[in-house]
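So, here's a batch of structures to check.
Two complexes are shown next, each including subunit A; its partner changes from subunit B in the first to subunit C in the second.
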Partner chain A sequence: MTQKAKGMPKLFASVDTSVKELVDLEIRTATDTAELTKDKAKSMYKSMEDIRNFEENVKRFFTAGEIPGFVHLYAGEEAIAVGVCAHLSDEDYITSTHRGHGHCIAKGGDLKGMMAEIFGKATGLCKGKGGSMHIADMDKGILGANGMVGGGFGLATGAAMRNKYKKTDRVAVCFFGDGAANEGVFHECLNMASIWKLPVIFVCENNLFAESTPQWYSSASRTIAERAAAYNMPGVRVNGKDVVAVYEVAGEAIERARRGEGPTLIECVTYRNHGHFEGDEQSYKAPSGEEKEWAEVDPLEVFRQYAIENGLLTEEELDQLREESVRDIEEAIEFTKESPEPSPESLYQDVFAD
Partner chain B sequence: MSGKVFDPKGVLQDVESKFEMFQILNENGEVVNPEYEPKLSDEELVELMTRMVYTRVLDQRSISLNRQGRLGFYAPTAGQEASQLASHFALEKDDWILPGYRDVPQIVWHGLPLWKAFLFSRGHFIGNQIPEGVNILPPQIIIGAQYIQAAGVALGIKKRGGKNVAVTYTGDGGSSQGDFYEGINFAGAYKAPAIFFIQNNQYAISTPRDIQTAAKTLAQKGIAAGIPCVQVDGMDPLAVYVATKDARERAVAGEGPTLIETICYRYGPHTMSGDDPTRYRTEDIDNEWAKKDPIVRFRKYLEGKGLWSEEKETEVIERAKEEIKEAIKLADQAPKQTVTDLISIMHEELPFNLKEQYEIYKAKESK
Partner chain C sequence: MAREILFMKAINEALDQAMAKDENIILLGEDIAGGAEVQHLEEANEDAWGGVMGVTRGLAPKYGRERVIDTPLSEMGYMAAAVGMAVTGLRPVAELMFSDFIGFCFDSIIGQGSKMRYMFGGKAKVPMTVRTMHGAGVNAAAQHSGSYYGLFGSIPGVKVVVPATPYDAKGLLLSAIEDDNLVIFSEDKTLYGMKGEVPEEYYTIPIGKAAIKREGKDLTIVTIGKMLYVGLEVADILEKDNISVEVIDLRTVAPWDEETVLESVKKTGRLIIIDESNPHNNTATDIASVVADKAFDYLDGPIKCVCAPNTPVPFAANLEKLYIPDANKVLTVATEIIDDLRVK
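What follows is the complex of A and B.
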């Protein structure tokens, strides 16, 4: 904050300074002691590759006009969904956003069912009635993507309340963007989760732009993580392109929640490779400089390097996983193309119980 | 147990100490923070005391009138005089006030005729027809909604290059509303000249403050929006005055909004509409707060300066009673409100469907 101008009344000068000292603004990177097994490393890398390949294919088909509706691509942010969901089982809940494909894949959503859903096919996870922004899979604990900005806060907080009420050690994770952090429901849910010590983890994917609005333009606060202090909740910032860093921080927050110590706010600093939606001209993105350098950091490459350097996986193993992923996505596409459209009668199904 | 990657408890450890309550005058009327004692003239000090005493009488009379069925909706104000009137005392005539429903005293002292305030209580539309030149909005009934409107009014002031501010009030309950957050965040982003008050009177209807939020103070909600925030003794008129004055100067200088939490107490029920405070608080708690009374401590402070006496206070009380009597008479003279009134005051030009309804009710009313 540069507000501490000369001539400012003393009363607020002191308050202003104290606010600065309150929060830890460091961006976390992976520590040397990250505990990652070979199997875990494999599944995490495979999941990131799946998301990347899935998204690039969706982009291709959307551009060709083969996908109805609207798509928002997750490519570039893979490390966040994967780093967080690596700690979750099907029993844990997540709520997703309009940019939800990555969360669903990382949480174990079926690739075929997802691809078919995005194409509006009857074999889709929601029988083709939801599309990109409404993919849900209750069996996997995926409470749904959401077309509403900030729509997941209430759902995740409620799901966490259910977990606590039922005396389980399950958690709920709420993914949301930097824009959603300015919504009133953010304030209401973080407050409630903190006072009731609910097992929920609020994961902000700060990709620097709310559509085209940079964060500094829409709030006087410098970071999303510091906002946690308003609710007596811990807040932490992490490098959202480093899956190991996200894995570590999320692991600790999730363990806290399982132990009944309440919620955590995690801000993952990231960048989206594509536009806000497909078709976005992205004229707001910087063509050069610090932002451009950040844009060019590829979370998949970051992990490959980490895995090789730490002797977790060899280059051959990584390449093999990449090929496997390409094959899986091809199968999903084939499955989708062979799948039927929903019947007109199906519009009347799944609306009322009776 | 602190974590290995990040330290969740350490992050928050200092919050409480960083938000100590700001006080100038303690409960015995002694100046404990002389550095900040405002340089108000004798006349100004007497005027502020007069307004506080007057408003206490107004509250007592309003409760009686409500019980007699002569007023409608009423939210008692006793105990909050310093929070309400000392903050208002730091404002200028051209500042805008966006009150909550308990903030009738501020808008009355800002220029709303008392008889209109009584009509507002009765739900009569004339009560919300604000005279030209009085910069207030009608009291907001939706909890916290005035915060968003205040951000908008403040942005309007900024766009017009005004040297005034927008001031709004909510309660401890209001600070948990999404509108509260969006309001302070928006004003912060645009450095709009706004002052946001949380009058923390300890109970959101019946919900006590400590189960309202896990935060140690309500002032620290300002951190989330990145705006300066402070907790003030709301039973101390000088502290409230100074905090408001400083916040106003910041706002006018283009430094943006401020969030002020005033720690106070309402002696009465939440509203006169059936709330029984004995169900959620004890006499002991009431007595504790009565010791902190803003009028008692300010009286001591002024008596020490030779500025106040029993005669003076009696005079103010008598004058208040007289004026309240006159105002209620004026309110009684307002014409009965009709459905056609309500239809015709909403639009400059009536849409066709309302025209139709207007005619139907016109005919009924003329029978």
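What follows is the complex of A and C.
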């Protein structure tokens, strides 16, 4: 089923032919028959709320100068990480990006360990030595956020090679952005994944901007999904602000991979509500018009409406999950504030495995 | 007499024995079997090449192509995939045909594999070996002849091994494969045809331990890879002048064996390092710096580095010969620091 997404503008304010084409392309939206149990709906909404609350707090502390380094925020793109990871267990692998908080939370990353990591505390998931861009949790199948744009393609491909060699039905999901789609390693890994029919799903989060450079400028193909044809694999374009739509599309691709039928390229069309990094003035974004309208579509609200309309969850239940999330994040902040800095000797530790 | 086999056969035997022992060991690289999905080869269960030099010949028929994987020409993709395999529990041995090709896939080494354990707070392991080929001497010109082991060795989280003998090639490769870290195993292409004694059984040689190939008291010569043979030649020549040279084969470039080198210099008071890589920021300069720092009071003269010039590797045979450090160049600098001995 393909139709134009709800809330997706026909064209952007900064209109030109290619941009028109970009948004006029067919895009998958949620079907009326999405098989979503009440429990699944609850956990997915909670996960989206966790990402939102987590990031709003990260933004607050970063602005206050309490978080060192730089952070790249994911809030606004929650539907993608959550819609995909809802199909995954700890046995499945994901590779993430420099904008990775959302993927890690959706994949079950510990909120306390993540928050402590972003603050550079000894109790962080990486003992304070990775930070925002390198959060990882091997026990949860999270092969790491990645500061290298495109760094995840090979890791996910290799994890999928492992899965295939071990004859498991585990999959690997590679999250990447529209910017990474223009790295050479995108080509190499999609090609390898296809010739070897690897259980890997390439999930492009097309938030329309690679740093300050728009997708319509930097990609010769109008969509990322259509590139799949060159690799003889399915390519699907989906409304990345609709978690149910992402859930359905990802479910098909993941089942296909588990059956041993090979990789899929999914392009989730979304918008980067934050700057490339916090502090980015974002003068490249349209101040008004349809780009702005698309920016304002909130995936959490889209899901709330869907859940209520379809009798999945009541407004009260949704509010309760939101409050639960706020409490969980408060606990994570509390935990972080009480946590010590890394010991000086840890500077020298864990360069090599013994 | 003990069994003698070729350097390349020693590498093949190490891979064979490692693969027989542990099914998690997977080889991948370009043409390492060769002729993938060619029907008449498949029927005969044969490999076409066994790598561009034939080093991995016979392993695909023995272990199957799912364990000896011919990759597309995609260094960036398959090298990063090897990191992904390693971090999820396999023990890949990836072949980078020529180390000059590292430019295509350096992120997998410098950005990913070497850093994951540290960045992730000690929770990841990257038990991966990269076999690659370096060195001038076969008229392969600038893009197929470089020596980059020193460059790799300067990256934290990477171990670098450069064997000089068939015996060391086997034992060090088995150590590299057993190691839970990213190890780059750099083979000099001109040594593949060298024969030497190699035990048939599985054995390992510790990474990070140099070998004293010849004991001496007047001058220490530290060598890397095939430069061992230049060092031994110089030692023979100087012996005729009653100058006693200690020759140390470094074997591991990172971490290099400080203890053995310092002990030797404290005894001889003179040091020459022979390194085929370009002369700046290489292993030789690193050794010189550490020795100057830690054994300054024992030195009877300046430390000398004999390296390739600061140029790419030239094609023409006469120029390439000039490029590679040889006994004459070493003797010239040796003369400068052993004059006092000659006078005696």
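By definition in this document, the second predicted complex is superposed on the first by the 329 of 354 C-alpha atoms of A that agree within 3 Å, B and C clash if a C-alpha of one lies under 4 Å from a C-alpha of the other, contacts with A are read in each partner's own complex, and residues count from 1 in each chain.
We adopt the following convention: contacts are C-beta pairs under 8 Å (C-beta built on N, C-alpha and C of every residue); 3 or more make two chains touch, one makes a residue touch a chain.
What you see is a predicted model, and the numbers here were worked out from it, not measured in a lab.
Of the two partner chains placed around the shared chain by superposition, neither subunit B nor subunit C is touched by A:Ala286. Look at A:Met148: by the touch rule set out above, it reaches subunit C but stays clear of subunit B. Touch criterion met: A:Glu188 reaches subunit B and subunit C at once.
In the superposed model, A:Tyr93 lies in contact with subunit C only, and not with subunit B.
Looking at subunit A, you'll find residues 184-185, 188, 191-192, 195 touch subunit B in one structure and subunit C in the other.
Put simply, subunit B touches subunit A in their complex at residues 3-6, 8-9, 11-12, 14-15, 18-19, 22, 36, 176-182, 185, 188-189, 191, 211-216, 220-230, 242-243, 246-247, 249-250, 253, 255-256, 258.
Every residue of subunit C that touches subunit A in the complex is listed here, in rising order: 26, 66, 71-72, 74, 76-90, 92, 107-108, 111-112, 116-127, 156-157, 159, 180-181.
Note for the complex: subunit A touches subunit B at residues 1, 3, 5, 7-9, 11-12, 15-16, 18-19, 21-24, 28, 31, 33, 182-188, 191-192, 194-195, 217-222, 226-236, 248-249, 251-252, 256, 261-262, 264.
For subunit A in complex with subunit C, the touching residues are 93, 95, 124-130, 134, 136-139, 143-144, 146-148, 151, 153-163, 165, 172, 184-185, 188-189, 191-192, 195, 349-354.
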